[in-house]
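Below is one structure, written out as structure tokens, with a few remarks after it.
A, B, C, D, E, F and G are the chain letters, set down in written order, and residue numbers restart from 1 in every chain.
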Amino acid sequence: MAASGRSTTRAAVPGTVVRFLLFLLLWGILIGPAPANLVAGLPAAALACWVSLWLLPPFGQTLSLSALLAVLVRLPGQSLIAGLDVARRALSPAMPLRPGIVAYRTDIPPGLERDAFRALMSLQPGTLPVGEDADGALLIHCLDVDQPVTHQLALEEARFRRGTGKGSHG
Amino acid sequence: MTPATLYGLCAAALVAIGLFGLILHPSPLRKVISFNLVGSGTFLFFGVAARRGAVAGFLGDPVPQAMVITGIVVAFAATALAVALLLRMLESGAPTVDGPPEQPDDLSP
Amino acid sequence: MTGQGLLIASSVVVPLLMALACLSPAVRGRMPGWLAIAPLPALLAAFLARGGSIVVAPAPLRLTLALDDVGAMLLGGAALLWAAAGAYAASYMRGQPGLGRFAVWWLLTLTGSLGTFLVADLTSFYLAFSVASLAAFGLVSFEGSPAALRAGRVYMALALLGEAFILLGFVMLAIGAPPGNPLIGEAVAFFPSSPLRDPALALLILGFGLKMGLVPLHVWMPLAHPVAPMPASAALSGIIVKAGVIGLIRFLPLEAALPGWGATLVAVGLFTAFYAVAVGVTQTQVKTVLAYSTVSQMGLVAAVLGAGLMAAAPGTALLAGFYALHHLLVKGALFLGVGVAMATGPRHRLLVLGTMTLLALSLAGLPLTSGALAKYATKPLFGDGLAATLATLSAAGSTVLMLHFLRLLGGVAKPGAERPPTGILWPWAAVAVAAFVAPWAMFAWATALPLSASLGAKALWAALWPIGLGASVWVALRFVRLPAIPEGDVVVLADRLAPAVGRAGEAVERADIWLRRWPVASMMLAVLAIALTVLLSAGS
Amino acid sequence: MAEFLFAAAAIVLVLTGLGLARMLWGPSPADRMMAAQLLGTGGGAIAVLVAIAGDMTAVLDIALTLALLAAFAAVALTLGEPGSKRRGGEE
Amino acid sequence: MSLLLDLFTIVAVSGGLFFFLAGTVGLLRFPDTLTRLHALTKADNLGLGLIVLGLLPQCPDIVSALKLVAIWALVQLGGATASQLIAEFARRGGGER
Amino acid sequence: MMPYATTPGGWMLVLALMLPVVGMLGIFALGLRHAERIAHATLLAGLAVALAIAVEVGRSGQAVTYLIGGWRPPLGIALQADGLSAVLMVMTSVILCSVGVFARGSFSSPPDGAEVRRPFVFWTLLLGLWSALNTVWLAQDLFSLFVALELLTFSAVPLVCLDGSRDTLRAALRYLLFALAGSVFYLMGTGLIYGAYGTMDIASLHQVARADWATSVALGLMIVGLMAKAALFPLHLWLPPAHAGAPAAASAVLSALVVKAPFILILRLWFDVAPQPLPAAAGAMLAGLGAASILFCSIMALRQARLKLMIAYSTVAQVGYLFLVFPLVMGSAAEMPWDSVGWTGGVLQLVSHAFAKAAMFLAAGLIAEALGHDRIADLGGAAKGVPVTVAAFALAGLSLMGLPPAGGFISKLMLLTAAVETANWWIAATILAGGILAATYVFRVVGSALAQPRAGLVMKAVPLNRELAVLTLALIAVALGFLPLQPLDYLGIGRGGMP
Amino acid sequence: MSLAVDLVMVLLILTAAVWTILARDRRDAVIAFIVLGLLLSLVWMRLLAVDVALTEAAVGGGATGLVLLRACARLLPVEADGALPGLRLQVAVGVLCAVVGACLAAVILSPPEPAPSLAPAVAAHMEDVGLKNPVTVVLLAYRALDTLLEKVVLVLGLIGVWALAPDLFWGGRPASLRAAVPSGTLTFLARVLPPIGVLIGIYLVWNGADHPGGTFQGGTVLAAMWLLVMMADLGDPPETRALRLRRLVAVGPALFIAVGLAGFGMADGFLSYPPGYAKPIIVAVEVALALSIAVILGLMVAGPAAKEPDQ
């Protein structure tokens, strides 16, 4: 079933296999290691893989797994900082807030990549993408506009682009 | 008082609240929502019966649980049908808010 | 299954089949010409099948037809009048629109009315009775004029009311009788000992009395009979009212003496007889006068039956039937004759009017006419008391009314009319002849009295003086200014109710709109649930 | 330990419940929807706590379902845009 | 060892509760819709994360533990997108009528 | 009560349930080209099954039973056809077959085989409705009956708005919402019943039912919920517009069959589930509402200007008669409820009204097709254009009025007899008054249809086979009048064991 | 302590319920209803009915919420709800509803002793079927007829929804579900989540034989994923005339019936399973049913055809 992906090119096959294996792994996580369940697991993973290929055609670019992993590993820490940041502001009697919207010009082309970056951004401390302006700049809502938000974001973007294999443009 | 009893009372209250909306809300969408509220309360009655019937090593009597699942399915289908109907009615230009009962003027084919 | 039985069955089946055949438009178009054929099997049956019976459907249905003496007598008269009126209609109504429809109603009414004389079980009686009453609606309202429609509405309303009375009465009658569909005889035999005797009797008298036109249930008659086409009026006034008569004959427990009920019936009957005369003489329409006369005569029939019921006199049924037969023929002839008289020019007028005079006075009991026989035969039942006197005096009343009728009749000739068409002349003549002859022929058989006794001087005098009295009164009345009483007299009271009824209907409609509002209806849902819960738990 | 986890679940419930005040106060539908989101996350937390504390791993599937459909309501909310002219089938 | 794990659980779960508290307070206290969204996404996601972290040692088997992590990951994904969707929605007028 | 066991021929009950479902799925999956063929084949087969079941019930003299999956209640679900169910099944299939013949004209697929909406929806829903009805007649489990009721509602509501006009959509929505309210009341009751007794099986409940508060509440909710679905006054808000707005073929089914299902359920709850004896006041309440239905809605019928609305109001009135049964049966001296005249009268009223009302709605449809409208006042000429149809209408009307020899006469006579026997005079009076009112509104139509056509009236021809389908129904309604005037033993088959 | 938690839960539920009724704006009411659904899911968990909790989470929080919110979206520009009627009527109806509630509460407060239960009967025959999840056993063995009829209800519901299409559009596509304003975030979610959802949906179905979960829960999750794709405009709703689609709708019920009828030949009769093969048969039926349910729910939410069919 996986082979029926329309645009599956030869080069993408390994990606497909990886996805299939990832889904199979998820299946194992869901139901446990009992091999009997593979009767359903294999077709299920294949179906999921097919759906995934349909919705998300294989990228025509190489991902830098190590760099991506670095992004992901940073995530819990970022999350913690973000949580602490909010908690500090929320629980402090003075409630130090200087909310506002900052436009941030990104080089990431519109599309899946940019969407993924935005999702990442929304987990960063103090930032929440709320849309794009007419020029295609990202509009970021910040809890504190006095913070060097754009600078941080630029750093994040660079890291992210390394992960997706386009780091040189940073 | 056991939790089951407490939730039973909660179910009775849900029914009463939903019934209130079902009777009084003029808009059909709100009636549909209210109906779902009454339905939820009703399902909870089954849940109470199931919880009270927890014997034989079971956490609850599975028969009413199965019935609730069937009931939820049916209630969803009813909601979807009612919503589709009211949207279609709206498109046809009828007022959605209850007026006096209609006396169709011309029913000839 | 005997030949008699088949003949009896065919007297109902043939007209019914003719009615069904009208579903085909082609047949329906021609049917008016064949109306006279429909009652012929019944006429034959009346002569050939007396005492016969046939079970149309076996137990537990027990649909049964049987022809006893009273039934045969009335059936014969009715069939004759139906045949004549049918022939009369074919000519009289030629060219009118909607004749096919008329034929359907005619045939259905005919089937029902003949059926009432034949059926022997409870259900079939109700069936025949209903068919006769309800189908007659079509005849009453046939003309479609506002008056006809109004008459039709009033007729329908009261006919349905009567049906309801009768149905409930039957149910009470049947309770305790063997389950299923009892024969009339069985049910009536059980009647006197029934716990529901009195209410059942009351309902039956109300129901049949309504059909006969006993005051105050007579209101429909003066409205309905005149508006129908002439032959239909003849059938309505001559025959259909006899459905009530045969009903009383069949269902009153005449063998058991019920003085209270008998007296009631006599009182109501006699009151009706005089009341109808009193109102009738104020009327200005020929046919309306005749209708009031029918009311009056039916009052007398009721009184006869009442008298019989008081004393459990044997032969009451046959006597009442005899009286009714006479009225049937005479009244039929009178109605048909009105049409003839209207179509007759001065040259032949005398003959027609003369015949009509004889017919009319026969109704009042003019000596040597058949009417005198009818009155003579029923007189002994009343004994010597007040009732007897009043019954005798009623003849005077009839005389007044008939003279009034004749005077009106004199003025109805159509301008330019010449000789009446044979198509209406002969049927009329046939009925008139039968009206004179038939009672004479049947007198001895029906009354068990010697015919000669009725010709004695005493009898002649007894018949004559009321007529003289009536004539004097009539003359006296010419100098009195009579009040104008509308047709149907007390029905105008009901008319006054009409707006109230309309308002009530509107109120119902408003209530419906209110009740059908969502909040109201859904509140009702909750209220009813609570109420039912409380009621259900009340017993525990 | 189970006691503690149950208590923790109860506390999460109370905290999420307080968040429901946003559902009442609003002021905008977005605010109200946040209460639903909060309940999605909180409900997931309660479910995992109960699952582990009560040793009912099946309850984890509830958390899984809640997590999977958490964003669903938010997506549905955006169907109702102000100024959306779309009606019926026409695009 | 078990005691140590229990202690870890208690600390982590308590931390999680703290962030839930912070999230709720933020949701109630913060002055505008978008700010409140920060509280919701960041604090609560962290709360859930800490709770999941704290529960890991208590899991009866490795599969449940992995499932816990999967749940957390799904919530992260859902939270990250839902908050943006609501934010976009709120900024375009918040659905106010 | 004998314990359930599958009886010979029990498999036919499954067939009765599943045939329509299979037909419905077949049309759905294969597309419209086959719709009519599949529907007609299913209708015929279903009729044969219903007749076979009825014969088997009569032959064996006991209920035909089937335990689904071999699971014994209360765990499993039993299907059972007693005499009453068998009669209802035959009635259902005969009416549906006639409607099927009638609908050939109005719901045929176009010749080019392209799929169009109306036939597709009509045939699938007709079959769906049939499976629902058969389930209601057969299932012995309160929850299965709930599902069956929903099935019924879901099939019936879209039929109402098949036209797609604004008014019918409104009517359908109203119908749906009120029916759902009724369902949820019913479901609530079943929930309480399960909580109290741990079973939904009717026979088991019959043995254990107690007269306590929980049972009263449950029964009160269920019965009133069902009353809403049966459109008993004053819960009739939805019926007139819904039944009048649907296409004739659908109205016939809705009015003749669909409103009967909840009534039968009430009957079962009352006599088979509820702890006996029930307080007389409760029965009187139902009968009181029935009487109000009769009087009030007959007057409303009388005041309608539209033929179909009149017939719809008449349905509410006629359903009222059914509810008179309760005090009549409860007060009867008969040993078993079903030995009483009132029981047979009630069932006969149900059956004869079903046939008569189906005939009336179909006739109204044909008349409207021929004349192009259904204003009662302007029906003149109908008798000339469609004589068979008008005759069928009149015959059906006879039954409604309760005039001999129609089925309605026998049924009303039996009810009247029962009322007199049990000294319920007010019921007797209501029956009579209802008869008078019915006669009046029927006569109003017939009289108008017999009137002279207006000048220049052009009538459309109507195929004879459709007219004959209508006539058949009317004739059956009349033929029922030839049943004997006594309790029918057949209706007691399979109920004997219950005290 | 534990009862206090329940009390909090009840309070939350009642708050959400009251708000659902009283909220002035209909969308606020829907949101409150979604919250209520999530809370109820927790209640079912608390009542140890995990299967029901899953169903409620999937339906109450997901499918129903979507249906209602979509309705709001389409009603929004057109018309306001109309307020509740006057206070006096509100009080009267309130009292009435309170009485109804009190009647029900009285029933709850006097439970029968001992509480009746079919659990022992269910347990006694579980072996015969061979599945470990009692709810699934009840749904697919003991009360299989209900389950089958419920699927027929769904099919009829779909036909009912489709029936609302204008004649002209019959067979065409339903109105698009896509959000009014395109959003990259949504697209991102719709690209990433569905494969995972599909896997979870299948897991719920497969796992349902022995653990909580089952056909409907799994089917709903699958449907939700499909709808997500449609909302993100990654796929249009399919044409309703497509026979392949219809066969997907019919396959579940049809297989169920076929298996049921096959029972006449291979087992004890309708809807009974041959001993030893019960589990695989039931699982096969469940899979087919889940597929049908997913398609049906998706199509029901999508609504009647709103465009002319493609030529």
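Throughout what follows, contacts are C-beta pairs under 8 Å (C-beta built on N, C-alpha and C of every residue); 3 or more make two chains touch, one makes a residue touch a chain.
Being a predicted model, the structure only gives us computed values, none of them experimental.
> Would you mind naming the chains that touch chain A and likewise touch chain G?
Expected: E.
> How many hops, at fewest, get you from chain E to chain G via touching chains?
1
> Select, from all pairs of chains, the pair with the highest number of C-beta pairs in contact.
Top of the contact-pair ranking: B-G.
> Please indicate which chain is farthest from chain A, where distance is taken between mean Cα coordinates of the chains.
C
> How many Å are there between the centre of chain A and the centre of chain F, using C-alpha atoms for each centre?
61
> Could you work out how far the Cα centre of chain B sits from that of chain G, in whole Å?
13
> Please tell me the distance, in whole Å, between the geometric centres of chain A and chain B computed from their C-alpha atoms.
Whole-Å distance between the two chain centres: 40.
> Using CA atom averages as chain centres, what separation in Å is found between chain E and chain F?
Taking the mean C-alpha position of each chain, the two centres sit 57 Å apart.
> Do you know which chain D residues sit against two or more other chains?
Correct list: 29, 33, 35, 40, 64, 68, 71, 75, 77-78, 80-83, 87-88.
> Can you list the residues of chain A that touch 2 or more other chains?
26, 30-31, 118-119, 129
> By the touch rule stated above, which residues of chain C touch at least two different other chains?
Within chain C, residues 516-519, 522-523, 526, 529-530, 533 contact more than one other chain.
> Which residues of chain D touch chain G in the complex?
Result: residues 6-7, 9-10, 13-14, 17, 20, 23-24, 26, 29, 32-33, 35-36, 39-40, 43, 46-47, 50, 56, 58-59, 61-62, 64-66, 68-69, 71-73, 75-89, 91 of chain D touch chain G.
> Over in the complex, which chain G residues touch chain A? Could you list them?
184-185, 187-188, 190-192, 194-196, 198-200, 202-203, 206-207, 225, 229, 234
> Tell me, which parts of chain B touch chain G in their complex?
1, 3-21, 23-27, 29-30, 32-34, 36-37, 40, 43-45, 47-63, 65-70, 72-74, 76-81, 83-88, 90, 95-98
> Tell me, which parts of chain F touch chain C in their complex?
174, 178, 181-182, 185, 211-213, 215-217, 219-221, 223-225, 227-228, 233-237, 240, 274-275, 277-279, 281-282, 285-286, 289, 296, 299-300, 302-303, 383-384, 387-388, 391, 403-405, 413, 416-417, 420-421, 428, 432-433, 435-436, 439-440, 443, 447, 450-452, 482, 484-487
> Residues of chain C touching chain G in their complex?
Touch list, chain C to chain G: 519, 523, 526-527, 529-530, 533.
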